[in-house]
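We call the chains A, B and C, going by the order they appear; numbering starts again at 1 in every chain.
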Amino acid sequence: MKENQFIKQFLKNKMGVVGFSMLVIFILIALFGPMIVQYDPQVFGERADVLNPPSAAHWLGTDDLGRDVFKALIAGSRVSLIVGVAATFISMFIGTSVGIFSGYLGGKTDNVLMRITDVFLVLPWLPLMLVLAALLGSNIWNIIFVIGITGWAGTARIVRAQTLTEKERQYIERSKSFGASNLFIIWHHIFPNVFPLVFANTILVTATSILSETTLSFLGMGDVSKPSWGTTLHFAFESGALSNKAYWYFMPPGVCVLLLVLAFTLMGFALDEIVNPKLRQR
Amino acid sequence: MNRKYIVKKLFYACITLMGVLLINFFLFRIMPGDPVSMLVRNPNANIETVEKMKAAYGLDKSLAAQFVTYVSSMFIGDFGTSFHYNMPVMKVIGDRVFATILLVGTAEIIAIIFGTFLGIVAAHKRGTKLDVGALSFSLVTYAMPSFWLGILMIAFFSGFLGILPTSGMTSPSLYFAVGMQRASDIAVHLVLPVLTLALVLLGEYMLVMRSSLIEVLTEDYILTARAKGFDDKTILKKHALPNAMIPMATLVAMSLGFVIAGALQVETVFSWPGLGRLMYDALQNRDYPLLQGIFFITSMCTIGTNLISDLLYGYLDPRVKE
Amino acid sequence: MALLEVDSLKIAFELTGGKRLKAVNGISFSLDEGETLALVGESGSGKTTAALSLMRLLPKNAVIDGGEIRYKQRDVLTAPEGMIQKLRWKEIAMIFQGAMNALNPVLTIEKQMVEAILLHETVSNEAAYARAEMLMRRVEIDPKRLKQYPHQFSGGMRQRVMIAMALACEPKIVIGDEPTTALDVMVQAQIFELLESLKKEMGLSMILITHDLSILGDICDKVAVMYAGEIVESGSVEAIYEDARHPYTQKLLAAYPIIGKKRGLPDFIPGQPLDMTKPVQGCAFYSRCHKAMPICLSRPPLRTVEGAHQFLCHLEGEA
């Protein structure tokens, strides 16, 4: 599929366009927001500043330590996006490599790789992430690593299936008879053909990664020095914002997560429809 | 379904089980901060427990020997002693199993019934407002962290409306209640956590049921059934659903394993005294033996339900041969 | 009086984006008791759409633009749904193409056969089962295999199961929609032999839909050749085989040489079938016709050769 045609099809898809616009807004906020709005999670407010409802000075009120919730939200957007995207990158790298090699090489390699994939597919992901995060320690790099290492199995399965069909194409045989090496064929023939599928899958995995990050942080495994939306929610819950009816404290971060994940999901569904002709017109 | 298929799936489950055991073994041993050094740092641990731990793990023996002891102790249900509760891990877990099964079971039943039903309706009325509404609903529940949905529930039903309790499984004032009084107290506490978990599951079930039924309804054999003179209702019941239920049934079976682990978020928010909340507490207390035990149990659950799902598929779909 | 009459039937499909695809453009034919009619044409010529409309099985986006279908003098298109459900399978049954997908994969053959009998007739389960066994024997499959699932049969066997199933309620008319596509030539011949003997035995009327003119010889009485939703030539089998007048029919005959007749190398028809979402000016076959003339851009007349042999062309036509 040519790029132009691809973009045209995507622009026709309402879900995709809505998701993409939402994502652009979030990216702009994450990029420029922290430059405009300064936020230091280590600086606490005065006693009088604790759990104030929204006002002109604090648009979304203050938290239990007198910090501005709106500013925390802006700073959190960067963390949530970076962790989500970076973790997805790891997942996609492992998943795509395992999938392509497993499908292309076949035989014993395929068998071994697929059994490993099965293990990761069947492991309860949330407990595994929690255990890993607890053992490694809660800093942002570990969180990225933990989410990335636990989320690749589904991708590997999809990519393997696609590779198996690509492998049967005639030109692959021809390249082989010309003496092309396996790595050459994988890089020049298999990967470009598997890529559209990988791309659509990446978007959907990013949605999951962001949800994972939020959940981990909410459960207290987050990096306190770099608070994400999940971290804010953790402190809101632990400090009893709920029983104090401090809606401004626990509502906005949740809405942000919801919208960001929704943006990726909408885009992912739209891309899936374009890449998977079977799904079209459904 | 033939024997070869069953044997193959059983074999795969065993391999996965070995994988889980390996991960579990190395995770708590090789990682920085292995259990014993952590234990020494733990203020709740006394010298006696440290010695017990070392003996239990047999840290003086070779890694392979350690692994063998570890595996055999896992299978007799000996997960060591919890730091925090100072009781055998098995006992601590055992006390919590009922609460989780009650929560997950009730939520699953609700989600399966409503998810299937809504999925059928959405597929049947495809493209209408009802369908679009149902789709949007499942999209939103998918994009929402489950714990936050729980928080919303608390805020709305308890904070705003002022009905329904928000945490725990029983009211402190009814601690010594028995019989019907106790049962109804538990039931009232059950409403919000079950509703939250059911909503999360329902969206996914509905989506799968819908797409699977839509696909089946375009198949040629549905046209054959119409040509035979059956009405739409009979076609749906006798020809479409038996096919459409196959992916649905396998999904439900598989997700049953994950939901026990996934209930963690909901249990945490509602302080529901189940396995999930126990794991959260174990994390906060860095109670490694307990953590390892829970992780092993939840993994066993997913492996088990995964196997059941595969076998169910083989049973429901006569085409599975291999 | 004819058993089934179709009169100037027009069917269109409403597509997404407001387009309309005119699949059937005013076709007429009739079928007597015991008679067999072949509807012949390329894929997309509207023959399957026409056949499905006889049992009112068209998809939801299909619209009847005009015309009438009468079965035993009763109007099919306006009859209430309940009546149509009684007509289906009991009066008119269908052998679908590619029986792999036309049979439900998760139900046994027995179940799929017996359910149809029980729906239309008040007989006991045992009697229905006995009839299913008898039908299986008739199509030369071991009745024990009733307990099996569709995937356990070979392609040719599945097609025979489908035939047995179509006969389950002893219908008056059986429609065969490409009953032998995807089967090898030997099996094709067996299936046609079976259909022919069943037809004689049960006094069936049949409508056979096919793209292959060469296989009709022994079984068919009449042929209607369809192109772009119209019947471009119709007549007795002999008339079509010996005296085809429309250039399209002539090309079709050349494309599928009839065994035992000297006709030289197989011919092919150049070009693509028409885009039927666009209005047709003049003769629909114009762009692909090797005898096209300027006058073909106007509507061709319906010419009668003799008796029932008619064709739609500006040319006087010669064989």
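In this text, contacts are C-beta pairs under 8 Å (C-beta built on N, C-alpha and C of every residue); 3 or more make two chains touch, one makes a residue touch a chain.
For reference, the UniProt names are A, B = ABC transporter permease; C = ABC transporter ATP-binding protein.
Note that the structure is a prediction, hence the values are computed from the model and not measured.
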Furthest chain, CA centroid comparison against subunit B (ABC transporter permease): C
Comparison of B-C and A-B by number of C-beta pairs in contact, larger one: A-B
Distance between the centres, which are taken as Cα means, of subunit C and subunit B (ABC transporter permease), whole angstrom: 53
CA centroid of subunit A (ABC transporter permease) to CA centroid of subunit B (ABC transporter permease), Å: 22
Touching two or more other chains - residues of subunit A (ABC transporter permease): none
Multi-partner residues of subunit B (ABC transporter permease) (each touching 2 or more other chains): none
For the subunit A (ABC transporter permease) and subunit B (ABC transporter permease) complex, residues of the former touching the latter: 115-116, 118-119, 122-128, 130-132, 134-137, 207, 211, 214-215, 218-221, 230, 233, 237, 242-243, 245, 247, 250-251, 254, 257-258, 261-262, 265-266, 282
List of subunit B (ABC transporter permease) residues in touch with subunit A (ABC transporter permease) within their complex: 12, 15-16, 19-20, 23, 27-28, 31-33, 139-140, 142-148, 151-152, 154-155, 159, 166, 211, 214-215, 257-258, 260-262, 264-265, 268-269, 279-280, 283-284, 286, 291-292, 294-295, 298-299, 301-303, 306
Residue ranges of subunit C touching subunit B (ABC transporter permease) (in the complex, touch as defined): 55, 57, 81, 85-90, 93-94, 96, 98, 101-107, 115-116, 119-120, 149, 151
Residues on subunit B (ABC transporter permease) engaged by subunit C in the complex (per definition of touch): 219-221, 223-231, 238-239, 242-243, 246, 316-319, 321
